[in-house]
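Presented sequentially are two complexes of chain A, the first with chain B as partner and the second with chain C.
Coming up: the complex of A and B.
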């Protein structure tokens, strides 16, 4: 099929980048940055090409090694996949540019880029694969690389957080593996479309319910839904800032939220009970994460708790299951990946110049670091839902969808937590950027050029992000993803058709 | 049936070990036990009572064959488990260097 040759590149390019970096980066220092940035730039460009191809040709499939699915492994590029690829690879590109300057203070930068691309390859693999066991393998590649990256500083706190994260996520992966084993024993196939086909024919058995519970535990742990969130507030702040941005910005979404969406909506088929469970978990994460974030004084820890809260919004929107709710959830997913990456990069910039993460020790930094201050304010306003920034529109859509569906209780909580989010980010702005400059920070300078460049780009996307909702822009980017989910198990028929 | 229950008990042993033990090395052993139980379950899924080995030949009729696919899956899962375990032990060694103990009740500087 025309253009389907692009599909395996999303896994091959990052793995190739990781390989080249580990081979050459140790010998030639300058080469590390060049390989790192060019690889992520190629991926970013490829994802935009993939989006175009999807809009021109519809769904694309690729058979790995020429073995036809359902016997071989299939890779599928549909609307949701194209949307997620653009989100992940764009954020990864900005973060790779940022790392050029930021990672100077660590030794062996090439190891950082190698692990970074292994993680990116795993995430792209999870997104693009059409085979459920292959999904598990890519999920583990991304997860193992992220354990190592959390421990990258090898100081006391990093190691403690990495151990906690690694043990909890390994248990989560085990639940996923058991769920896959149960589904396989029932359907005798691993291809997701074929599996969905057989499940639809044989009706809902108890074994599917068991597998669903295991998947909610496993992927819920990866997505850090309350009550599976305990690892996140330790792991995300302990990592170096670009990795925190990567983990909070895209990893929990591609491993957790995307996998939940794909398996529940497209393979098993969503019904009212699943929808109710997802919405409850989403609302719970939203409330608990928001309340816990409010009391934090460590900037990165506050951002990490806020991630839990925002993931709650996404799951609440997607779990609602109406087209508008799914659209809002996906749009919020995109926006959150932009502004949460930006906020973590801001916190990294502050740590880079002042060496502290404690909000009480900061103050007046906006006057010495104007760009960090401005981008920080833009991101904070965006996440808090102030018009006209992008976060406002996605939250508005989710709340409108909740009201339309008659879920007034959830809508009420979504509004309350939105106000709470505003409160916590006003706190961040007040203590970090405004106020009187402390004497200790009299001589600090703005961060180097590449960090500025990356933060500036992300801030621009935050400002113009709301434009994606205009009918001309919405069609190619969001609509395809929303249709892929709201059509549910029609995915099965479309994929099986395009394999033939 | 009883063999599935034994597999479940093995998995529960692993989870119990992760949740209750205070020594980091014991927690890692718990992870390994739970992992092996999951792998064992995958192999059990493939098992057929008095089945024959899955080798295709022209004259033999295809009947009551052991499912070969989960064996391939288990091999992959074992390799992934190896990587995870190696990383966990590496982190545990570094933790011992920094904190001088394996007791998780004394390794808790992160909270809030």
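Coming up: the complex of A and C.
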């Protein structure tokens, strides 16, 4: 089919970038940055082309090696895929630009870019694949690369956090693998569309329920939903700032939230019980994450807990299952990937100049680092849900959807936690950027140009992000993703039709 | 006996190693090249090739082994194997599909058959063999560093 050749490039380009970097970057220092930024720019441009292709042609499939699915591996580009690709690759591009300056203080930058692109390749692979075992393989690529990246500083606490992260996420992957094995034994196929087809024909068996429980545990662990969240507050702050931004911004979403959406909505088919479980887990994460974040004094740890809370909003919206709820959840996913990346990059900028992450030691940094201060305030207001920033609109849609569906309890908690979020980010702004400049920071300067450029771009997206809801913009970007989920198992018929 | 042979294990082990290590390497290459017609392939063959170097390291000590295959060479071969594999996959686009077997398949069970599969096996062998040797070398060097500190 015309244009479907673009799909495998989302895996091939980052892997090519990664290995070229390890081949050449060690010898020629300059080349590392050039390969890194150009690879991520190509990916960002390709994802926009993919979005355009989807809007022009509808769903696209690619058979790897010319073997037709369900026997071969199929890759599928539908609305949700195009939406996630744009989200992931745009954030990755901004973060790659930021890393040019930031990673100077670490040795062997080429290792960083190699691991970075392996992780990005894994995430893109999870998003584009139409084969459930292939999804597991890419999930492991991304996860293993991220273990190494968390330990990148090789200090004592970083190694400890990386080890904890590796152990817990491996257990999560094991649950996922076991769930896939059960589904495979029941349906005798690994292609997601084919599997959905057979599950729909043979009805619900106990083994499907077992597989669903395993998937909720496995992917819930990757997404850091609350009973499974313990690794996140250690792992995310320990990584270098660009990687924290990558992990919190897009990794937990593409490995966790996207996989949950795809498997529960499109393959197994969602029912009231699953919806209730997802909403409960979402609300629990939202509340617990919010309350725990409030008491933190380590800036990056606060942001990590806040990620748990915001993932709760996303799962709450998507779990509700109404078209408006799904739209709100996905929009919040996009917004969160932007402003949480920006906040972690801000914390990185502060660490870059002052060397501290403790909020009590900061103060008045806004006067010395105006751009970091302004972008930080924009991101904080956006995540706290202050109009007209993007976060306000997505939270508003989620709350309206909850009220429309008659879930007043969940809507109430969503509002309360939104206020709590505002409180914790007012704390960040007050202690970090406002107030009197401490004497120790008298001589600090604003961060270098590429860090400024990347933070500025993300801040602009935070401000204008709400425009995506306008009818002209919403159609191509959000609507396709929302329809892909709310049509549910119709995905099966569409993909099987497209393979023929 | 030359000075560099002082380290490592006893004379018996060294002599046996000298006799067998070439055979092990040859067997690994055989497994890789026959991957498409008999059991084995790039991964298994790569591991055997790496084991022949590990064998030298165990018997003669790390200096001799790293002189045969240095760490930077291992790192180069590892990355090169991955890039080679990716290039083969991308060349499939000449026929319109990622990973398409675009070379003529030939007669089954011949050494020169199966299109891109032997090339893929060679790429995997480079990646796995060099990777395994690099991991082993890294563990050995780390051990020496901690011993020196003590």
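Going forward, the second predicted complex is superposed on the first by the 500 of 500 C-alpha atoms of A that agree within 3 Å, B and C clash if a C-alpha of one lies under 4 Å from a C-alpha of the other, contacts with A are read in each partner's own complex, and residues count from 1 in each chain.
As a convention for this text, a contact is a pair of C-beta atoms (placed from the backbone, for glycine too) under 8 Å apart; a residue touches a chain by one contact, two chains touch by 3 or more.
Note that the coordinates shown come from a computational prediction; the quantities given were computed from them, not determined experimentally.
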Per-residue contact with chain A, leading partner among chain C and chain B: B
A:23 touches, of chain B and chain C: first, second, both or neither? second
Partner chain(s) touched by A:66 [first = chain B, second = chain C, both, neither]: second
Which of chain B and chain C A:12 touches, first, second, both or neither: second
Which of chain B and chain C A:41 touches, first, second, both or neither: neither
First (chain B), second (chain C), both or neither touched by A:140: first
Which of chain B and chain C A:185 touches, first, second, both or neither: first
First, second, both or neither for A:106, with chain B first and chain C second: neither
Those residues of chain A which chain B touches in one complex and chain C touches in the other: none
Touching residues (chain side chain A, partner chain C) in the complex: 5, 8, 12, 15-16, 19-20, 22-23, 26, 62-66
Chain A-facing residues of chain B, complex: 15, 18, 24, 27-28, 31, 34-35, 38, 41-42, 45, 67, 69-70, 73, 76-77, 80, 83-84, 87-88, 91-92, 94-95, 98-99, 107-110, 112
Contact footprint of chain A on chain C as seen in their complex: 72, 75-76, 78-80, 82-83, 86, 89-90, 92-93, 95-101
Contact set on chain A toward chain B in their complex: 133, 136-137, 140, 144, 147-148, 151, 154-157, 159-164, 166-167, 170-171, 174, 177-178, 181, 184-185, 188, 190, 233-234, 238, 295-296, 298, 301
